[in-house]
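Read the structure below first, then the notes.
Here the chain labels run A, B, C, D, E and F in written order, and each chain numbers its own residues starting at 1.
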Amino acid sequence: MPMIRVELLKGRTIAQKREFAEVVTREAARILKCAPDVVDVVFQDVERHDWASSGRLEADR
Amino acid sequence: MPMIRVELLKGRTIAQKREFAEVVTREAARILKCAPDVVDVVFQDVERHDWASSGRLEADR
Amino acid sequence: MPMIRVELLKGRTIAQKREFAEVVTREAARILKCAPDVVDVVFQDVERHDWASSGRLEADR
Amino acid sequence: MPMIRVELLKGRTIAQKREFAEVVTREAARILKCAPDVVDVVFQDVERHDWASSGRLEADR
Amino acid sequence: MPMIRVELLKGRTIAQKREFAEVVTREAARILKCAPDVVDVVFQDVERHDWASSGRLEADR
Amino acid sequence: MPMIRVELLKGRTIAQKREFAEVVTREAARILKCAPDVVDVVFQDVERHDWASSGRLEADR
């Protein structure tokens, strides 16, 4: 039932996502006290021209 | 005003999305008592390597 | 795996949410071809002073 | 800390997103009383066949 | 059609949200070239114990 | 820049959220190769009558 959504700048590999999903699910189960099989993790890649911090697109830095 | 967001694994056809959006809008209007023209439905396709259940990416199953 | 998120103005009853979740799950299974037990529906109530259409808060209409 | 997410139909240019992110960040800082460097703006392009209003896909209008 | 979601720490007044929604809608219409009446702005207040930056809850700062 | 959103059934303590935010931030930094200070974690409590799995509200189980 925890639903974990991860927005991140494009460019991470599937291997990185695989490891992160494993670790986050294990830690969610341990800390939040739930069965691992109710944890969902969804990644959402964001292009550098679609993310602005301090009003400036990442693509412009 | 109901805003309905549907995250789903990539691969459904536009015909499926069209039918689902129609049905969900009609049911939202009927059950939640709102005009159909204030219902928005947004689909968001998720790649199999971007969704993990039980800590395992769909792409690895 | 479909994850369906419904943002709606506060005020709908639990009975309405119950019926809507049932119908949407059944239709998701039928149209999007998935098992009902992988469908999650999450409702998020929004206060009238937290939703603006056309630049005007619902609370001000 | 304000995190501002903008879902919009695909087709706007990077120049439009750049200007919108700048303006929204400046106005968030001014009106919501926060430092500009804690404001994040994320754009999410939506295909015309992924957005339905009144139960009809934008792609079908 | 632009759907703008603003997550922010609890504590801003309705007057601040009203002004921000007005300005953001006007600027969305001007910059993103859409009618003001298709712009939705939704605010979501977040408690200080529900937001962490750099791994530390806002409530602990 | 990773923005991590955690939807979970209401009832976890602040201590649990604190620990989860710490761990997830540390692991995001390690695995996704980013500075810890660009990681945001936001929790969103969901009532049991606002979450349905398999078409049934958690409140009805």
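Please note the rule applied: contacts are C-beta pairs under 8 Å (C-beta built on N, C-alpha and C of every residue); 3 or more make two chains touch, one makes a residue touch a chain.
Note that the structure is predicted; figures quoted are calculated from it, not measured.
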| item | value |
| --- | --- |
| Contacts common to subunit B and subunit D (chain labels) | A, E |
| Whole-Å gap between the CA centroids of subunit A and subunit D | 20 |
| Mean-CA-position distance for subunit F and subunit D (Å) | 24 |
| Shared-contact residues (touching 2 or more other chains) in subunit E | 3, 7, 24, 40, 42, 51, 53 |
| Topology of the chain contact graph, where touching chains are joined (line, ring, star, complete, other) | other |
| Chain-to-chain touches, reported pairwise for every pair that qualifies | A-B, A-C, A-D, A-F, B-C, B-D, B-E, C-E, C-F, D-E, D-F, E-F |
| Touching residues on subunit F, where the partner in the complex is subunit A | 1-9, 12, 16, 19-20, 23-24, 27-28, 31-33, 51, 53, 58 |
| Subunit D residues touching subunit F - in the complex, by the definition given at the top | 3, 40, 42 |
| Interfacial residue positions of subunit A with respect to subunit B in the complex | 14, 17-18, 21-22, 24-26, 36-37, 39-45 |
| Subunit C residues within the subunit E interface of the complex | 7, 46, 49-57, 59-60 |
